[in-house]
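Presented below are the structures under discussion, each in the form of structure tokens.
There are two complexes below, and they share subunit A, which is joined by subunit B in the first and by subunit C in the second.
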Partner chain A sequence: MGKQQSNRWLQPRRVSVIAMNTFTQLVRMKVFYFLMIFSVIAVVAQFLDLPQYNGVEAVYTGELQILKDWCMGVMKLFALVFAIAATALLLPKDVEDRTLYTILAKPVPRLDYLVGKLTGVLLLIFVSLLLMNVMMTVVLGYRAGALLDEQVQMAVSRGWNEPAIASMRAEIQAQGVTWSLQAGVFAIFLQACIVGAVSMLLSTFSTSTLFTIMVSFMTYLAGSFQADAAEFYRVYAKPGNTTLTSVLMKGVALIFPNYQLFNITDAAMQGQVIPLAAVMDLTGLTAFYVVLYTLLSWFVFSDKEF
Partner chain B sequence: MTELAVDIQHLVKDFRVPLRGAKPFRAVNDVSLQIQAGEVYGLIGPNGSGKSTTMKALLGLVAPSSGTCSIFGKDSLKVDSRNDVGFLPENPYFYKHLTGAETLRFYGKLCNLRGKTLEDRVTELLDLVGLQNARERIGLAQALVQDPRLLILDEPTAGVDPIGSRQIRDLILQLRDRGKTVFLCSHLLEQVQEVCDHVGIIFQGKMVREGKLEDLIAVENQTELILQDASAELVKEIQTLIQRDGAAQLVRSGKPRTTLERLFLQETQGDQS
Partner chain C sequence: MKLWRNIVVVFLVLLAAGWVKSPWEEGKQRQFEQQGLVWRPLEPDVKKKIGQTCAVVALGGLRSVVASFLNLSAYGSFENRDWVKLSEKFDLIVALQPRTTYYWDVGAWHMAYNAAMDYKENESLPAARQEALHRAFVLRGRSFLERGVVNNPHEWTLLSSLGRFYGTPSKYPDYAKSAAAYERAWKTGKARNFEARAWLYSLARVEGKQREALALARQLFVRDRNRVDTLCCLLFVLEWSQPDAPPTLELLRRCFENESQALRMLRTYRENNAEMLPTAGVEHAISLLESRGVKP
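Up next, the complex of A and B:
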């Protein structure tokens, strides 16, 4: 009975069992209450008394901008906090409850356990972001459509010519639901993947969940500012120190991913077009760091004693 | 020749002490034991004597500092060795978000069981262990989920009421009858005596006595004669012979055995004094 199974690493079915269990565990921990709060924010934003539009000269896309700022801000906060807290909590909890003993006493390679846990957390973040994104898209699409009709009617009544109306239409549509906005949401998910992988690495050797959470946030901050720091040292470094500084900065850049690269989310919120190549680059970078941190986690976890 | 289910050879396990210059703590000191397939082996010892560490080393949860552990000939540090093992830790907790049946399904899937096979197994186990959502019973069922040949039980009756405790004892005997090998450690010496074929006594990390239960609890300087259909004259004649010997004396009739509990206390407390 199940004895002839292959115990090679990363068996997809086994990883998916652990991932789905982690996903269910987090769902039943009532994580989706956060989503309910998000829904309320999105719905309430729909009925907010937003600026009156007395003329086409007004910043007519302002209300769309506010809506996107709210929604994307909440999504980013949720993804970041959840990637750190959930990942930091799961491993110590399994050790504390001795659930880990019974799992590792089964033919489960430790790498499969780690990958399953991380996948479960990331799956929940993905599903949550997807639901939030759907809600944002529906509300934003509705508001953008209503605004467009209103502004076009106003422009026509004021005798605008066709090119001017088309320009205004394009400007409103750029602030509505776009593929670039979807790319921005995807970038939030990618960033959460790296943050979660860092958190998992820390939790494999940390003895305190609080320590894991705090250091994870610190690495996030370090990653957010490392590009600025590198630029600062490049400009102000003394000539004799440039080689050392350069090596140091490259080392820091390897350890701490440059989270500023994920600022395409902000660009997407401002209505800018995000090229597909940029999304592909970011996906590749994320895959590199997630694999790197997962391998490091495995390196630590494989020798860990319980 | 009977297959070896468990083979532990000269197991040593040191734990680092987080103080500068402090000597490592030796939890297990040169322990060797072998369990034949189909046996019930009881490892007994006081708290902190190294029982759980020995079990964890056998399961690959801790790496031996020296020595080797293997299960059915497979190195315990390899994942493959755990195909044939079920483990119940002391005072187990399981995922609170899962029901008893869901817990069994989860562990079954980890062992590559799927579909009807898994569902049938879950139903069978729920019947077998008479689950009433007690942690230990779920724990026992998850240990059995892939129908392993070896069952490792760390204090299986800890925190269980007397009725549950007896049910677990009966289950162990039932499993032995089905040909399973059971390796257990327990503080309840009477239960160990009731179910085990072999016993090892571990104290301060060392195996101080080990062997067949019947041999261990036999009193060395006494001889037991069990007569069947002996006449009163014959018995009287034997007693006369004993009296005539001078050195030998008849202590009592019956089974001159100590209890496992007395043996255990003798081996452990005797060294402390």
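Up next, the complex of A and C:
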């Protein structure tokens, strides 16, 4: 009975031990050095004060826009590269270090092993994004506050009325730290979860880390192009007009996840309000993909011989 | 053998899952596009122009980063006064980030003001060429901004900029379009009183629209905070131009706090009229006030 209990799939304690172990393993690979680069970018980006129309009646929020573009772009790049590279490295590294044999020799279901490994990577991405987000929020909040003070002072000196000042205030605040911006960062994390799960699935097939990384990038690009493929199929695949290209496009649309949906990050960066429903939709979609790819990884990994 | 079996099984499961999720995902794509949360995919010619590497990056969901890089690179073109390249770069930037009003505003400003003036003052060019290039870039900047407004119809800042572009006398003005742009900006409900006054200033310069301008001027004049020098003087001019206008002194009393203020404001209005606002009755009023011994 006790033995059956310990062999039960997805035992939280076992999964969390593997996850924390993976997290520690990755931290030892000095991943957090990347945060230093990020902080330099966040600090430098606020000095990129390019020429702009700055006439008597202008409300200028361009510097905030540039700051967000850079910070969020770097976050996305980090999350993407890390989700692919770290996940692709997991299995080969455990084989190389012979840790895998030790783990699998114990009553650890392979599903738990995979889920633990993926969770470890995603935890590291989450913590990194959280730290970067805090840095961005501090810098952006400071810059937005300074800009607001400066512009309000200017507006008052020029005799603007209260509604006009309120309008300007709202405009600057929309470009500062908002909940929508946080939703944008969360969308980056969700996308990284799917990318990581795809990479894990590929690594269960492959014997080469380089192959896994390359194919993972390809699938990422294909996923970013998925919506175009679906649109192409919708437009061209009329009855009697089905071509090989349209069938291929349909295949792409079916097999790959639609990463374009996660580009709500761009809208968030531009100060648009991101509805909670959109975030929930993306969370649901991410859960669907992560579960699907994890189960497929398990299917392949379960009868893999080492 | 087992590997191929696994690949086939995974492929089939992915296809089956695809059938399940595809309609939902396509629906969400359309919904997000309608809500303005995601944008239409890049046009093929844009992908071609930004180059393969950038297209891959942009396609990979990093459009804002590519736009940022291009914006920095456009700054280089600005420093080198390479205006053709600069406008090409801004065309790409806005193709990548059509909702960022900052790029539309700055791009149009570079074209219609910096580039146009640079050509106008470029003495190495023949005079006719200077003028032709100046005009070409003013029009380019203006049409660029108009595209920005089409992409962001509710952004009062862009509408206000468009009103300014059309209403600047040295930039081949079209006051009717300027007034229309300012009116739209004002009617978004987010703009400042400045946009309402600017709407009036443009409307007053449109041939045959003086009555509408007068009605607007009266409406704006009711609010104390709109009683800036230009508006008071313009109200006087528009009132004075009416066939059934009351005597000048009566009008001056209505439009200004006192005669001294009237003389001061009207003199400034006459001397600093770079905007080429109508001036009917201004000379007459100044002479009348001076003949009455009024001191500014």
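The rule is simple: the second predicted complex is superposed on the first by the 270 of 306 C-alpha atoms of A that agree within 3 Å, B and C clash if a C-alpha of one lies under 4 Å from a C-alpha of the other, contacts with A are read in each partner's own complex, and residues count from 1 in each chain.
Heads up, the rule we're going with is that a contact is a pair of C-beta atoms (placed from the backbone, for glycine too) under 8 Å apart; a residue touches a chain by one contact, two chains touch by 3 or more.
In this text the structure is predicted, and so the values were computed from the model without any measurement.
Novice: What does the overlay on subunit A give for subunit B and subunit C, a clash or a fit?
Specialist: On the superposed model, which is not a single observed complex, subunit B and subunit C fit side by side.
Novice: When the two structures are overlaid on chain A, which partner does A:Leu261 contact: first (subunit B), second (subunit C), both, or neither?
Specialist: second
Novice: Just to be sure I read the superposition right, which of the two partners does A:Tyr142 touch: subunit B = first, subunit C = second, or both, or neither?
Specialist: neither
Novice: Going by the contact rule set out at the top, does A:Val17 touch subunit B (first), subunit C (second), both, or neither?
Specialist: After superposition on chain A, A:Val17 lies in contact with subunit B alone.
Novice: Which partner, subunit B or subunit C, touches the larger number of subunit A residues?
Specialist: More residues of subunit A are touched by C.
Novice: On the A-aligned overlay, A:Arg98 touches which partner chain: subunit B = first, subunit C = second, or both, or neither?
Specialist: first
Novice: To make sure I follow: the centres are taken over C-alpha atoms, the vertex is subunit A, the ends are subunit B and subunit C. What is that angle to the nearest 10 degrees?
Specialist: After superposition on chain A, the angle is 170 degrees.
Novice: Could you look at A:Asn161 and tell me whether it touches subunit B, subunit C, both or neither (first, second, both, neither)?
Specialist: second
Novice: Quick one: is A:Arg28 in contact with subunit B, with subunit C, with both, or with neither? Answer first, second, both or neither.
Specialist: Once the two structures are laid over each other on A, A:Arg28 reaches subunit B alone.
Novice: In the overlay, answer first, second, both or neither for which of subunit B and subunit C A:Asp303 touches.
Specialist: In the superposed model, A:Asp303 contacts both subunit B and subunit C.
Novice: Given the touch rule stated above, what does A:Val108 touch, subunit B (first), subunit C (second), both, or neither?
Specialist: Only subunit B is touched by A:Val108; subunit C is not.
Novice: Let me test your reading of the model: by the given contact rule, A:Trp179 touches which partner, first (subunit B), second (subunit C), both or neither?
Specialist: It touches nothing on subunit B or subunit C.
Novice: Rounded to the nearest Å, state the minimum C-alpha distance from subunit B to subunit C in the superposed three-chain model.
Specialist: 8
Novice: What part of subunit A is shared between its subunit B contacts and its subunit C contacts?
Specialist: 303
Novice: Within the complex, which stretch of subunit A touches subunit C?
Specialist: Contacts found on subunit A: 48, 50-53, 55, 57, 59, 61-62, 65-66, 68-70, 72-74, 76-77, 80, 159-161, 163-164, 167-168, 170-171, 191, 201, 205, 220-221, 224-225, 227-228, 230-231, 234, 251, 253-255, 258-267, 269-270, 272, 274-275, 278, 281, 285, 288, 292, 296, 299-300, 303.
Novice: State the interface residues of subunit A toward subunit B in the complex, per the touch definition above.
Specialist: Spelled out, the residues of subunit A in touch with subunit B are 1-3, 5, 7, 13-14, 17-18, 21, 24-25, 28-29, 97-99, 101-109, 303, 305-306.
Novice: Show me the residue ranges of subunit C that touch subunit A in the complex, using the header's touch definition.
Specialist: It comes out as residues 2-3, 6-7, 9-11, 13-15, 17-19, 21-22, 25-26, 28-29, 32, 35-39, 41, 56, 59-65, 67-68, 71-72, 75, 78, 97, 99-100, 102, 105-106, 109, 113, 157, 160-161, 164, 190-194, 225.
Novice: Residue numbers of subunit B touching subunit A in their complex, please.
Specialist: Touch residues, subunit B against subunit A: 56, 59-63, 79-80, 82-95, 97-98, 106-113, 117, 121, 139, 142-143, 146-147, 152.
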